Amino acid sequence: MTILQAVNLDKHFGGVAAVTDLSFSVTEGEIYSVIGPNGAGKTTLFNMLCGYYVPSGGSITFAGKDLAGMETHQIAAQGISRTFQNLQVFYNMTVLENVMVGCHMRTRTGLIKAALRLPSVIREERQVREWSLEALTLCGLEHLADREAGSLPYGELKRLEIARALASDPKFLAMDEPAAGLNDTETVEMRQLIQRLKERGITILLVEHNMGLVMQISDRVLVLGFGCLLAEGTPQEVQNNPAVIKAYLGEDV
Amino acid sequence: MLSEVKLMFDQIIQFLATGLSIGSTYALVGLGFAIIYNASGVVNFAQGEFVMLGAMSVVGLLGAGVPYPLALLVAIAIVTLVGFSLNKFAIEPARGASVVATIIITIGASILLRGAALLIWGKDIFSMPAFTGDEPIQIGAATLVPQNLWIMGITVILVLGVRYFFDKTLIGKAILACSCNKTAAGLVGINVKLMLLTSYGLSAAIGAVAGLLIAPIAFTSFDAGTMLGLKGFAAAILGGMGSSMGAVAGGLVLGVLESLGAGLISSGYKDAIAFVIILAVLFFKPSGLFGFKSVDRV
Amino acid sequence: MNRLKGFYVYAAVVALLPILFPDNYFVTVVGATILLNVILAVGLNLFIGYAGQISLGHAAFFGIGAYSSAVLTTRFELNAWLAMLVGLGLVYVIANLVARPILKLKGHYLAMATLGFGIIVNIILVQESSWSGGPDGLGDIPTLSLFGFDIDTDLRWYGMIAFFSLAAILVSLNIIDSRAGRELRAVHGSEFAAQMMGVDTVRTRTNVFVLSAMFASLAGSLFAHQQAFVSPESFGFGFSIEIVTMVVLGGMASTYGAVFGAIVLTLLPETLVVFEDYEMLIFGGILMGGMIFMPQGLFVFLTQKIRTVLNHRSGPSPKPQDAQKTLECDS
Amino acid sequence: MKKRNKCLAGMAAVALGMLSASSVVLAAGDTIKVGTFLSVTGPASFLGDPELKTLQMYIEDINAKGGIDGKQVELVHYDTGGNAKKAVNFAKRLIKRDKVDVIVGGSTSGSTLASMPEIEKSGVPFISLAGSVKIVDPVSPWTFKTPHTDRMAASKVYLDMQARGITKVALISGDGGFGKSGRAQSLALAPDFGITIVADESYGRKDTDMTAQVTNIRSSDAQAILNFGFGSGPAIVTKNIRQLGIELPLYQSHGVASKKFIDLAGDAAEGVRLPAAALLVADKLDDSDQQKAVLVAYKNAYEAKYGPVSTFGGHAYDGLYIALEAIDRANSTDKTAVRDQIEATKGFVGTSGIFTMSKDDHLGLGLDAFRMLEIRNGDWALVE
């Protein structure tokens, strides 16, 4: 069953086209990867999906709902979450608190209740803590829960972003280059983590430069070049697609 | 009926002329804000104090018997030195401080400079002779004093000069490079520290000139800089922070708004009118009239 | 209960001081001013320190609260407590109205817009003398009374303001340590990531702006009744800056930091009075020096110092700050 | 109104009972404590500065001569910087911490009005040095003042206008407390003198150019201009009026009654008229003038030490001597006794005029205490 569908997406900044007439659909429960050289429009695609950019044309539908005109937080409320290529960790909080923010949509307490710290608030806090520790454990960060987020090394920050996204109990997780900057061991850990997420029934949209990782775990792959769809299919199909080879290795091969 | 229209028209001409003259001083102060902001990302709330120090130095030097033209030059030099020291002793050591922290530092500097001026010159209000006399000049329907013309003329020259400096000279371009990316500028061999120092000096000097120009009309005292500083800040924001020419335009617009507001609507509410319009502009253009919106990469 | 340890210590000190020194000017008079400023600083800290915004016009809300109380009790002889509530309601409405356009702005533009708002409110107070009394202000404001007791001595006022001040701190601590507080800090940390976690950041910023404005309004009402007199100059740009300075100098994003800032910034001028003409020079120097050498604020600076001393005594321990520094260099 | 006064008096009496009990013990020392809070810095420093200098100079002088009743006089001073909030706290500090016997201070109407509730509650005799009529109208039991009121200034100006046959006046005022209050009084009194206000403009304290406002005045059919304000504003207005070629008679208020105004406005000040205390023209007074001796003495003493005299320092002189003479007459520093003696001040020759106070008049000056002056050849001259 299709969970995410993009139809004729367009995005241009001034005269520069970042994404042109792009259509694709993601099936529930799969790992769907988007690859392409730098500047192919991958992050632009992510930012349109999350409401950070408004598409110049076309539409994105998620679980049957048109996302047009929705603000980022409303899109998040549909069950979409994401991680960031340039880390967007809350450095002013502890690791646990970062993840607790992820539980935002699963809880209700507003300013007034919080100010009075009613018993319901204390109960809810306990629940949030539990959920967050669970997400941290899944990402192998539970031992760092009380550290300042700013004191974590890069690889763990990447996993922290995933834990935070998980805490929001998403149906759909968009990951922007989760393996970038990681060493080999960390990359393996990351691959395992992504697979665990899939096992939990989360649909994953993955942007990644590490071809090994992409080809190993993806169900389907979309190749972007200069904002246009070059190819789409299983890893094997894509690897053998002449257009893709041309785009990656150049004209003469 | 016709004569009434004519009268109204004449009045508006006078308001515009006055507004442009007031606005020119705001423009110069705003220009100072923009130059420092461009080079270091700091909004210098002590900018108004440069204006005050310029005028007070002239008064002090005249009192000590220094001839007028020389006093003007020495005053600019003194204030430039103050600008250098502000950068050296307050901004440089606080590198990496948050935006609010730098705001507090520069506000602290402005209080300190005011305190120093109080100790040196006392609390009196001082007058300063006009550059070329007080005899009113009739220009069309507007009456101005020669000092108004000096203000507008020197503002035009300074603005063109600053523009030339940043567009055409190597140092100017180097400062702009620092404002875009300090690390990169450092890597290509630009002495970032020196460029910062230059821009603080330049901006202090422009502030001092504004002080010399306005004092013969509006007098000066140790606390004369605060209000001008605020107006200059408003001008810089209205134009779009970081755009020098925007700050100049912002200053002129602010001056004309005030003058028209005072003349046509209500003199008591003229500042409020000006601020309401600034807020309205920001509402529709959150980065000012000539500022550009930067998009964060995520 | 560990969470509120600091609060209990602070509350004990606030309660003990007037018992030990019931007739001391620095306790009952300056102390009451400090406690009033604490309400303002703690409230503004939610907006500046935690949510990472800036306001240079906060004194306006302080003034609206004060004038609501002053005008309603003198001209309409409304009950003082009711007037205080009306003031809060009015500030709630005004803050909500200005929040939408103003909070679209960021950084220095937000600074300018709030500054402009503050100046406009002040001009209105000066110009509309028919009800505000103009620059000469409004006098003869009745005092508050509680259960039939008039709050009419410095000691009683100290108690009254102390109560509200402690309540303000408690509310602030509770909020920071909750979902709502994490929302605020998330907006500061990364607005986009916060949105991605489902936080309606526009609403969050509006809410905290309104809340901190209402803290100021409450302080304003208390101020009006305590002084029995209000005039526009108490609510001008200078005082807006003073509150911001309390927050920043004390230590941003720390409720106790704001408290500390309020204490220092109220006591400082009181002590510098003896320097007469040198007062400004010294005050400006302290502001600059404080921010240059302790950019993280006095409170954070001191607690870190104390911690280092303690750590040295109990042997070396890992310093998380170093790790943070390396990271900042990387990014 | 009456009822409230009675009420206040009652409250004051109770407060006094409590206070005098403690003050007897504390004031048993042999100094008389005079407290003052003045705007020595800030926008109104031109008031506070000469006031403080005057107080310091004369208290030193009195002490050198053996003090009052053998007691030395001690001055406790705080600078409000023109801030009303600070004024209230300093008033409290004077009363609670320094336990002063009498307060002579409050440079601006704002700081006086702000601190009055506190002072009235504590019951300490207070002589204000500020201008607004609101300070003594209605009369509060403990508060007095020495400067002429803005209402008197407006009346004096209107009388002079009447004499010149002027009926249409353009009003321009600063938007500070002084200007606003003066404007209100001018508007209220105008009908009594058959005068119509045909323009009503204002300017901010730190405005640098008032041409726009003056342009509006030029296009009105005013026969004279009246400016209420202090600081640099009135001088700029005066210059702008000349710049626009307006030849109408210009009246300033007593807010500019110092030589500084003439310095700042320069040639433009020629012909400007203003109501002011006789101090400015002390030397030009007739020898038969009752005030002359006092004025010349004050002027010479002040100028020998600090430079050009202003009428503002004179208010402090008047306040200090009225207070000390009352203490002298009361033979004690008991606050009620001192207050009663201040009320009994009769024929005191001060710099602002000859004071005769009473229970219902806590100023004690008549309109004749004001002189109408004109600026001629860069100096003050009496208008006959």
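Here the chain labels run A, B, C and D in written order, and each chain numbers its own residues starting at 1.
The working rule: a contact is a pair of C-beta atoms (placed from the backbone, for glycine too) under 8 Å apart; a residue touches a chain by one contact, two chains touch by 3 or more.
Bear in mind that the values here come from a model prediction, so they are computed numbers and not experimental data.
K.L.:
Which one of the chains is farthest from chain D, going by Cα centres?
P.N.:
Relative to chain D, the chain with the farthest C-alpha centre is A.
K.L.:
Based on Cα centres, what is the most central chain?
P.N.:
Of the chains present, the most centrally placed is C.
K.L.:
Distance from the CA centroid of chain B to that of chain C, rounded to the nearest Å?
P.N.:
For chain B versus chain C, the centre distance works out to 31 Å.
K.L.:
Quick check: how many Å separate the C-alpha centres of chain A and chain B?
P.N.:
48
K.L.:
Taking each chain's centre as the mean position of its Cα atoms, how many Å separate chain A from chain C?
P.N.:
Taking the average C-alpha coordinate of chain A and of chain C, the gap between them is 39 Å.
K.L.:
Just give me the whole-number Å value for how far the CA centre of chain C lies from that of chain D.
P.N.:
Distance between chain centres: 36 Å.
K.L.:
Got the chain D residues that touch at least 2 other chains?
P.N.:
40-41, 175
K.L.:
Touching two or more other chains, which residues of chain A qualify?
P.N.:
As it turns out, chain A has residues touching two or more other chains at 52, 84, 88.
K.L.:
If I count partner chains per residue in chain B, which residues reach a count of at least 2?
P.N.:
118, 268, 271, 298
K.L.:
Along chain B, where are the residues that touch chain D in the complex?
P.N.:
Where chain B meets chain D, its residues are 7, 11, 14-15, 18-19, 21-22, 25, 118, 123-125, 127, 134, 136, 143-145, 214, 217-219, 221, 223-224, 226-228, 258-260, 262-263, 267-268, 270-271.
K.L.:
If you look only at chain B, which of its residues touch chain C in the complex?
P.N.:
For this pair, the touching residues of chain B are 37, 43, 90, 93-94, 96-105, 107-116, 118-119, 230, 233-234, 237, 241, 268-269, 271-272, 275-276, 278-279, 282-283, 286-288, 296, 298.
K.L.:
Using the touch definition from the top, list the residues of chain C that touch chain A in their complex.
P.N.:
My answer: residues 171, 174-175, 178-183, 185-186, 188-190, 192-201, 207-208, 211, 253, 320, 323-324, 327-328, 330-331.
K.L.:
Residue numbers of chain A touching chain C in their complex, please.
P.N.:
50-52, 71-73, 76-77, 81-82, 84, 87-93, 97, 100-105, 107, 109-111, 114-117, 121, 124-125, 128, 147-148, 150-154, 161, 164-165, 168
K.L.:
Show me the residue ranges of chain C that touch chain D in the complex, using the header's touch definition.
P.N.:
Touching chain D from chain C are residues 23-26, 28-30, 33, 126-127, 129, 134-137, 139-141, 152, 154, 227-229, 231, 233-234, 269-270, 273, 276-277, 279-280.
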